[in-house]
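Lettered A, B, C and D in written order, each chain numbered from 1.
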Amino acid sequence: MDYQQLLENIYQSIMPYAGDGKQADYIPELAKVNPDQFGMYIHSIYGETASVGDADTRFSIQSISKVFALALCLSIKGDELWKRVGREPSGTTFNSLIQLEVEHGIPRNPFINAGAIVMADILLSHFEQPERDFLSFVRAIAEDETIDYNRDVANSERENGYLNAAIANLLKYHGTIENDIESVLHFYFMMCSIEMNCRELAFAFLAFANHRRRFDYAGITLTSSQVKRINAIMQTCGFYDEAGEFAYFVGLPGKSGVGGGIVAIHPLQYSVAVWSPRLNPKGNSVMGMKALELLTTETKESIF
Amino acid sequence: MDYQQLLENIYQSIMPYAGDGKQADYIPELAKVNPDQFGMYIHSIYGETASVGDADTRFSIQSISKVFALALCLSIKGDELWKRVGREPSGTTFNSLIQLEVEHGIPRNPFINAGAIVMADILLSHFEQPERDFLSFVRAIAEDETIDYNRDVANSERENGYLNAAIANLLKYHGTIENDIESVLHFYFMMCSIEMNCRELAFAFLAFANHRRRFDYAGITLTSSQVKRINAIMQTCGFYDEAGEFAYFVGLPGKSGVGGGIVAIHPLQYSVAVWSPRLNPKGNSVMGMKALELLTTETKESIF
Amino acid sequence: MDYQQLLENIYQSIMPYAGDGKQADYIPELAKVNPDQFGMYIHSIYGETASVGDADTRFSIQSISKVFALALCLSIKGDELWKRVGREPSGTTFNSLIQLEVEHGIPRNPFINAGAIVMADILLSHFEQPERDFLSFVRAIAEDETIDYNRDVANSERENGYLNAAIANLLKYHGTIENDIESVLHFYFMMCSIEMNCRELAFAFLAFANHRRRFDYAGITLTSSQVKRINAIMQTCGFYDEAGEFAYFVGLPGKSGVGGGIVAIHPLQYSVAVWSPRLNPKGNSVMGMKALELLTTETKESIF
Amino acid sequence: MDYQQLLENIYQSIMPYAGDGKQADYIPELAKVNPDQFGMYIHSIYGETASVGDADTRFSIQSISKVFALALCLSIKGDELWKRVGREPSGTTFNSLIQLEVEHGIPRNPFINAGAIVMADILLSHFEQPERDFLSFVRAIAEDETIDYNRDVANSERENGYLNAAIANLLKYHGTIENDIESVLHFYFMMCSIEMNCRELAFAFLAFANHRRRFDYAGITLTSSQVKRINAIMQTCGFYDEAGEFAYFVGLPGKSGVGGGIVAIHPLQYSVAVWSPRLNPKGNSVMGMKALELLTTETKESIF
C-alpha cells in the first residue's frame, strides 16, 4: 500500500470541506488557534509512515487523553475499575448531559466527562505525584520527552468549567470520587491540556493497534486482551453520540478531542491521527471525520 | 484451526452455566421450549464447519430477523432509509423503553423494536406480498426451502404485544409508519417467528462475514460497503444495552434474539451461531454469551 | 356583587384577544366549529346568575368530562381509587407525554389522559351499561335531559387517537387496565364528546362549589370532604403544565378542555364557565384564561 | 372557634404517630436535635392564638426560608423575577433531582433548591449587605429582634452540600446566576439556617394569611395581589412531590422544611405552624402533616 499517495489523495478530496464547521471557542486559549489547519499521519505496524499537512504542529489533545487515562486505570485496577465506571455507549444526548452521564453516580463509560473525572480521581489516589506519573506514561508511549501539559489551557478550562464542576459535585454526592473536588478537576483539566502532534499521536496509538506487542511504558503494563478491550471501548464509546456514525462511515475504533484531533486504529494494521480545528455540531473535527471515512473507503478495509 | 476441538472445549467449559438464567416465558409458545438445550455451529469463509450440541434443532430466531430486515431495507431504500431510523446505540435502559426507543418518532436504530417496526412498515409498502418475499430472501440466503414462519408464535406474541402496540401507535402518531397498525404489527411478529437452527443461521450469516462475496439473494442485492455497514450496526446496536459488554468480552459484531439464539461474525473469517434458551436479565442467552466470549478468548482473535 | 355588570366589563376587556390562538383541528369535527365565539356564565351558590356572549351554545366539553369521571370513580371506589392513579401534578412537559403520563403503569393524576383512561376502565368494569350510566349522572348534575354524546366526534377522535392508543396499550402492558383496549378507548372518547354549554356547565359545577350541599345525582353520592378533595385535584392538576400559571393568575380550582371550555369554582361562592375555541400553545382557551384572570382580579377574591 | 381546645384534641389524636419517621441526619447539627418534640401554634387574623407542646422551642426553618426569599425577590424584581425562575410544580421525583430542577437553566419554581439558589443570587446582587438585610426582613415580619442565623448549621451544610453545589454549577453554566458560586451557596445556606419557633413562624405568616393588611416590613413591600400569588405558589409548589397530597389531605397553602417545621395559612382566617423533627420519606414532618390534616378536617374548612 502506498500510504503517502493515499494520504495525498485524501488531502485533495477533503479540501472542499476546509471552511466547514467552527472551532471550539468556549475557552480563550483554544479559540486562539488558527482554525484553517489540517494534518494527518499514518503509521503501520510494520513501520511504514506517511503524512500530509500540519502533521508536526502540536495541539491540545483534550479528550484523546481519556484513552491514556483508561490504559493507566486498567493497568492499576484491573477489572475492579468497572465497579466505578460502566462500559456502555451513552446513546444520543436526548436528555441533559448530566442525566445521561451520571446514573446513581456510576458514569456510563470512561470516555464521557463523568467517567474521565472518576479516572482522574483513581489516578490521584494511586500515584504520589499524579501529574508527573501521567506525563511520564504519555512521554514513554509516544517516545518523546518534550510532550507537556499546557497550564494556561488547563487553568482557563477550570475557570469556565461549570458543567464539569457540576458533574464532579454530583459524583462526590454519590460517593464515586474520593479526593477533594478541586484537586480532581485540576488534574482532569491538566490531562486534557496535553499537547501533541499527529505524528506523536499516531506513534503512541501504535501500542493499541499492535496489541501483540508487549505493552509496558513507564511501568504501566497491559495484557494483549486488555489492550483489545480498550480498543472495543474506543469503538463503542469514542465519539459521544456519533459513535454509531463513526462505526458506520469509518468502521475503526477511535477517539476524538474537542481540540480537533482524532486518532483511530486498524488493529494489527496501522494507527492514524488527523487534526483540524473546525468541528461539526457534535464536537468532532469535520475534515478529520471525512479524511478517516475516505481512508477506509479507499483501502476497502475496516474492522467490519 | 481445529474448530471442532475448539467448540468441544468451549462446550465443556460452559457446562457450569447450564442452569443459569430463565427462558422467555411472556408468550406461551416460547415457554414450551425445553430450556436445557445448547447448540453451536461455526462456519469459516473457506468452508470449514464444526458443531456441538443441539445445532440442528430449530428455534424462534426472534430479533435476529432484524438483520435480515435491515438487509432488505438497505437494498430497497439505500441511504434514504436513514431518514426514518437512526443508527446510534440506544444506551442503557435508564428510562422507559418507549422514551428511549422513539424520539420525535425516529427510532434510534434498526435493531430496537421501534426500528424494526418501521422496517416492517417499509417492507409492507414495498412488496406486493411481503410475507412471501421476506421468507424467500431468508430461504435463499440460508439455502434452505423448508425454513418457515411459526404462525402460532406470531399470533401469540400479537395477543400479548401491548408494549409493541404502544410503540407502533406512537410511531403512527409521529407519522413514521404509513400502513395500518395491525398490518405492521402482524408482519413484524411474523418476521420474529421464523424458525432456524444454528447450522442454518451460521450459513446465512456467512453472507455478512464474507463481504467480498457477491450479496444477491432472491433479488436482494447489497454492495460490499453496505454489508460492512450492516456489520457495523450489529457491532454498535446488536445487544440492546449490553452492546458495550458484548464488544468488551466478545469483540465481534452480532445479534441476539429472545428465543436464546445469538449470531456473530468475524469479518473475512467465519460466522458462528449459538443457541440456549436461558437468558440473562438483559435478555441475552447466558450460555451463548459465555460460549462466544470463550471463542474469541481461545482463538485470541476478535475484530479489535 | 353585580355579576352581570362584572361579566360585561370582562367581555369588553378581553375583546383585544379575540383573534389570538388557534382552535384544535386535529379532528375534523372540532375544526368545523366557528372559532370566533365566546361565552361566559356565572352561577353563585345563592342562585344569582349572569352571562355574556354565546353562553347557550353547546360545545365539546372534552377533558372537562374528567371531573365527572372522577366524581363517579371516587364514589364507587373510595380511596381504593388511588391505588390505580396518583394525585400529584404532572409538572411541565419537559419530556414526552408518554414518559410523564405513565410511570410503572400508574398515571400521575386523574386529569391527564392516562389517568382518565384508567377511570374509563374502572367505570367499564363497574357499570353494566357504562355509556347510559355516565350520561345519566351528567344529565342529573346539570339537570338537563337533552345533554348527549356526539358520536361523530367520538369516532373521529378514535380514528386519529394514536397517542391515546399508545397510552392505553402501555397501561395494558403494565396491567393497570382490565378491559380490552378498544372498549376502554371508545368509552373514553365518548365521555370527551359530551356537549354542553356554559350555562349547563356552571350549573353542574355548583355541586362542587357548594360542597356543603348534599351530593347525590343519579345515585352517585359523595361526602363534603370528597367533593373538596376533587376541588383540590382540580387546583393542582386541572391545567396540565399550566397548573401553576392558572393558580398564580386566577387562583381558583378549575378544569379546561381542548374544545375551548374552562370551568372554575370559588368554593362556597360561585361556579363559572367560559368558552372560546381559540387555544394557547398549552391547549387552554386564550380568552377563557384571560376572562377568569380578570374575574378574580376585579372581585379581588380568589381562594388565596 | 375554641382554638385551644381544637389544638389539644389534635395533640391527643396524633400521639400514636410520635415515633414514626426519622429526623434529617445528613448534617451533624440537625441530627443533634431531640427528635421527640412536637409544637403547634395557630394565630387568627383577629388576634386569637392557641398553642400546644414545644411551640416556643426554636428550630432550623430550612426551606421555610424560601417563602421569605420569594417575598423579597418579588418585591425587588416584580414580574421580572419570572424570567429567571418558573412557577410550575415540579411533579414527582421520577427522574434525578438535577434533571427536574434545572431545565435549560431555569428552575421550575422558587421553592425547589435550584429556584432558591437563583433567589439567593438575586438578593446578593441587589443588597449591599444581603445577610443583614435578609435577617432584618425576617425579624421585622416576625416582630422579634432575637431571631438569627445559625452559622454552625450553615457551615455544616455547605461542607456536605455537594448536590446543591452541583445545582449551583449547573445554573452558572447556563448563566442563570451572576455571582460567584461560593458566595451564592454560602448565602443560600445562611438563609436556611435561621432559627425560629412555631409562635414566631405563625406570627410571621399572618402577613401572608391576611393579605388585605399592608405588607411592609423593613422596607420590603408587596401588594395584596402579590401576597396572594405567593400563597398560590405555596399551594402548588410548597411540598416538593407531595404538593398534591398536601392539597388533597390538608387543602391549605403551606411550606415545609427539612428541620421538621411546616407553616400553612388559611387566607383571611389564620396562620398555623407545626414542628416535629421526624420526617416521612418525602422529607415532610410526619406529625406535622397529620396535625394539619386534622386541623382542616375538624374545622371542616379549607380553601376548597
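Just so we're on the same page, a residue touches a chain if its C-beta (ideal position, glycine included) is under 8 Å from a C-beta of that chain, and two chains touch if they have at least 3 such contacts.
Predicted model only: the values in this text are computed from it and were never measured.
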Treat touching chains as neighbours: how many steps, at the fewest, connect chain B to chain D? 2
Quick note, more Cb pairs in contact for A-D or C-D? It is C-D
With over half of the numbers shared counting as same, classify the chain B/chain C interface as same or different. same
Starting from the mean Cα coordinates of chain C and chain D, work out the distance between those two points in Å. 32
Starting from the mean Cα coordinates of chain A and chain D, work out the distance between those two points in Å. 47
Touching two or more other chains - residues of chain A: 95
Chain-to-chain touches, reported pairwise for every pair that qualifies: A-B, A-D, B-C, C-D
Within the complex, which stretch of chain B touches chain A? 86-92, 94-95, 100, 103, 108-109, 211, 224-225, 228-229, 231-233, 235-237, 241-245, 247-248, 251, 253, 267, 297, 300, 302-304
Chain C residues touching chain B - in the complex, by the definition given at the top: 95-96, 98-99, 102, 162-163, 165-167, 169-170, 172-173, 181
